[in-house]
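Here come two complexes built around chain A, the first alongside chain B, the second alongside chain C.
Take a look at the complex of A and B:
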């Protein structure tokens, strides 16, 4: 340090300090700047968009138009966002099999990679709801189940039933069962409001509440062993009545017939 | 029997003063008899004869499920808190933790999850209630289709009908008690129906709920009605119903040796004591097994009632399902007059609801009036031998079923992939059309069966043996029915339509029949005239055919 300190008044000292400072700044910048990564992302993104566009042209454009602008057969996809694509294609609803009152859920035909590419293409058409990340829909707080239950009964149960079993809407439309639906897809359905469902954007239902609803739905449709025995579909008193008539009264009448058929016989003299 | 071994000192003396009872049991019996007169009761009733047929045990199913409901209901009242005070749940059921609810709901959740055996008892109580009302309806149909409601049993028919209606309403009140989302929706439905009553509706609503819906009074009030008022009335009616069964004696099917003046069957003691006692345990066992297997009314899944929440599949228990159907298919008509709204969309169904029930209740009196039959009937009709009655009953059932479909229209839509609207239109049309079609089909079906009976009596049964005659013709050999079957198939009476009185009396003075008389004669022709029954074969016809030349 003495040596360094002795030369601090050297004519070139300022130059050396300047060089060191520049090197440090440049090095730090080189180390932390996202320049390269950003460039790579953009490349991957544009690749995904290109791939997505190709997939779209083959699988979707006949109804949604060659540029996703929509046609008489299908709506415009400008501004629906990646969440809508991930939901519709990820649950197998799209591509649709046939026109009808409602497009049903069916086994998906694209891989998640392809779905992401399609989503990238559609999001490039215009901004819309973005597909959620796992921490947005995976709840770790056990209190979320009961809070979600309250929210579910207020906002969802009138169509999807108290246990998420679904229900009828007008003219052949229906609220589908939520059994076996991925947490991500439940979340996306709330974001985007597919088909006849109203949408619940973050402005009316904050992210936290969506997460709680997802926690309740997952709990009530999947994890819970029913305390009372067979659920009979969790469809309320109609199936209970049917079960009571057939297996309750039906069994009792069968037993009555059996009892009446086995009677004491008069002694034959 | 003890009376066989006992000695009596004299006919005039009461039986309790017998000398030297043989043992302490006989002494105890003597002591009781001196105070309650059990000997004469036992003598009159222990050997009472009951005929044997499975359909006569439907009433027993009702009785036993009623007993099961009372027993389990008493257990539930020990833990249920009929209060609408607000509490926050902190029990073991995670999805309800920290949620505000009424004490009624919280205590029902506790019965389900904290009380030992509570959930099973709850489920037995509820399953037994469903089966109870179902058994009452089937029992009533048995009585209807066999004509067992005829004199002298009309009053007992009415008692039975009242039991059915009270059972339905008590079931509804019980369903309303836990204050879960489903039951609260049911109460809201009922409130809406009350409000739809013109003029007095709002006053009745305020009186019943002690203020605006939901208030704090409705659960405690329904509790009193559910556990005290209606069961008390039902118990009284039930006893009266059974006393009348004993007093009238049981009806029986036609058969050799069975007349209007006897009862052929087995004695109460020991045969029916054993059978009925055993059957009680079978009923209890089956209901308990069902309750252990299948959930009913999972109130924990419904969540607590809040007026701003509702779930789809909000239906009443099945016995109120036809009223739900009436409401669901009724167009939402409204009339607004002078600032008041008459809600016909609810009020009309509310008026049809009792009419559907009363239609079946008054039938015995209508049939009695049409036939003018004042005799007692203890031999049952086979349903085919009363085609118009059977067809009317079938039409009533079809109407009931159409309304049930209307009440469950959403589930029919989702499970059969139909349009909810189409089902509603079907039910609206079916309400008027299906009973008519059912009536026509059933009547013709009965007549077809009557023809078949006639054919069997006259020509015997087909043996399946094919014979070739010498000239080459093939014939099937028919075997004559045994005498006993011939009797059974021809034992029924065939009513003749009543005639209008002569147009002029013996002095030639014109005598016009009143409108009522003419209606009655017309109805009577419809019931018993040509085309409403096939004349049953007579002994002469039978003799002529069987004595002659073979079977064709």
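Take a look at the complex of A and C:
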């Protein structure tokens, strides 16, 4: 100590003190500040996971197993990712009402906050497709809509109909109508392949193309006017033929009956 | 209308004309009921009014036709209007349909009204008569036929008869020969597809029809569906539609333990199976794939194929499984085909081997 204090007036003493002070400040900052932030993130994340686990135990575990490992009633959820949870719970399909050919869309039961917590828990079980952000699926660019139409007709229209009206599959299963479905949920369905729908992962259908397909579906089911008049569900010749036979021919028959029912004779018989 | 007409112009009610004359015979012909005149037959004012009504309908038709031409000229084809209950529709289409419909309907309605009110409606019976000819005519015709047969010597000169029959039988052959001009013979076109250009030495890459890029096996996850076509084919090719109608592939990836057919598993690559997208019934594109049941459904006639079992037909009219293309990877790790389908793709045909 004595040695040190003896050199306190050395010309370089100030520099040494300055360096020490800087190193201490920097070191302390490095030791505390980011750690606080990271801890806060981890804390929030683990809180969400804990909350999600609690919700899962109440609402989902009877079919999917207490740890999401699956059972005879429901598949394993390890590795399905947050996109699958957001789709299934966000469209009200899960929790399912009853077993059957297909679980239908219905009003959702959980709030978006709870869905995010469930998604956080399921994501913690294993990596999987991540729920998209709005900039990944929101586009009203006419270019995107046009390219999305081509992609939709190549990849989706065989089941969901050229206008996104849906259609029948085998043994009571069906491709649902895309009318009124959130852009995010359409995107997630392509990512994850819910129920019997095949998936279209980013490796075979890049994010940009998914965005274009969503843009097309939103446009064609919401905004697009129909120059021809009544769409009759855009189901094609079956409904159009039925309409023609029932209402077209029906009107003609009604007119014919009306004409015949009104005699021109001077004396009513 | 009736108040316009004075009672004295009405005809006397007819009494016995329509009644059965012979009470002893319940099946006696009652005869025709007496003709009843129409208002327009007995009241000149009613006839004039009907004439004006018919003319009015024809005039409305004319106005509608002028309206059709005017809308065609005046309305912008891109204009969209809201019309209940049709929704947002093209103003031009709506106007054209409405005016043409009114124009045609009014011609018809006018004609019907004209016929009902003004053209004569007096019943004119036309009695039926026997269809059979009289015995005299029949005998005469038979006699003429026999005379003709005897004079021609058809029965006596057998050589003429036989050569005539022969020449008549051969004439249709010229028509059969001309069928050859319908086009070139199909040769092996039905048996092979664009994938025939692939060989083990020079394989053809499978091109993803969404990205138009070759694929690696790790790009395809279990449960995914991807459509592919051969490398070198582009959508701008002149014969693209003809070629894609035979070359189109659907790629599915099934967990290897779920694949029931060993041969199908060998033709695939690590559970990635490449099936023809063309239904073997009448050639519809078939890709309604259910990833949990591994069934592919054809939308045309509901033929269902189990893609986990060599595309066996499990329902519907299709007669053959979907042909499967043998795939592997090349030195760049891309999925490639090394040859054509083993079986012809698409619907059955005459020379197709079982």
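Quick notes on this one:
The rule we apply is simple: the second predicted complex is superposed on the first by the 233 of 269 C-alpha atoms of A that agree within 3 Å, B and C clash if a C-alpha of one lies under 4 Å from a C-alpha of the other, contacts with A are read in each partner's own complex, and residues count from 1 in each chain.
Keep this in mind: a contact is a pair of C-beta atoms (placed from the backbone, for glycine too) under 8 Å apart; a residue touches a chain by one contact, two chains touch by 3 or more.
Not measured: the values here are computed from a predicted model.
Legend: residue contacts after superposition of the two complexes on their common chain; A:154 is shown touching both chain B and chain C. By the touch criterion stated above, A:167 is placed in contact with chain B and with chain C alike. Within the superposed three-chain model, A:253 lies in touch with chain B and out of touch with chain C [touch as defined at top].
Look at A:70: by the touch rule set out above, it reaches neither chain B nor chain C. Touch criterion met: A:219 reaches chain B, while chain C stays clear of it. By the touch criterion stated above, A:95 is placed in contact with neither chain B nor chain C. Judged by the touch definition given at the top, the superposed model places A:195 against chain C, while chain B stays out of reach. Touched residues of chain A were counted for both chain B and chain C, and B has more of them. Look at A:229: by the touch rule set out above, it reaches both chain B and chain C. Chain A uses residues 154, 158-159, 167, 169-170, 175, 226-231, 259, 264 to touch chain B in one structure and chain C in the other. Of all the residues in chain A, the ones that touch chain C in their complex are 151, 154-155, 158-159, 167, 169-170, 173, 175, 193, 195-201, 203-206, 209, 225-231, 259, 264-267, 269.
Against chain A, in their complex, chain B makes its touches with residues 52-54, 56-58, 60-61, 94-99, 112-113, 119, 123, 127, 130-131, 134-135, 138, 175, 181-182, 266, 271, 275, 278-279, 282-283, 286-287, 290, 292-298, 300-303, 306, 308-318, 321, 407-411, 413-414, 417-421.
Partner chain B is touched in their complex by these residues of chain A: 101, 142-143, 145-147, 149-150, 153-154, 157-163, 165-172, 174-175, 216, 219-220, 224, 226-232, 234-245, 247-249, 251-253, 255-257, 259-261, 263-264. Partner chain A is touched in their complex by these residues of chain C: 5, 9-11, 13, 36-43, 80, 85-90, 93-94, 97, 112, 116-117, 121, 208-211, 215, 218-221, 223-227, 252, 285, 287-293, 295, 297, 299, 302, 304, 315.
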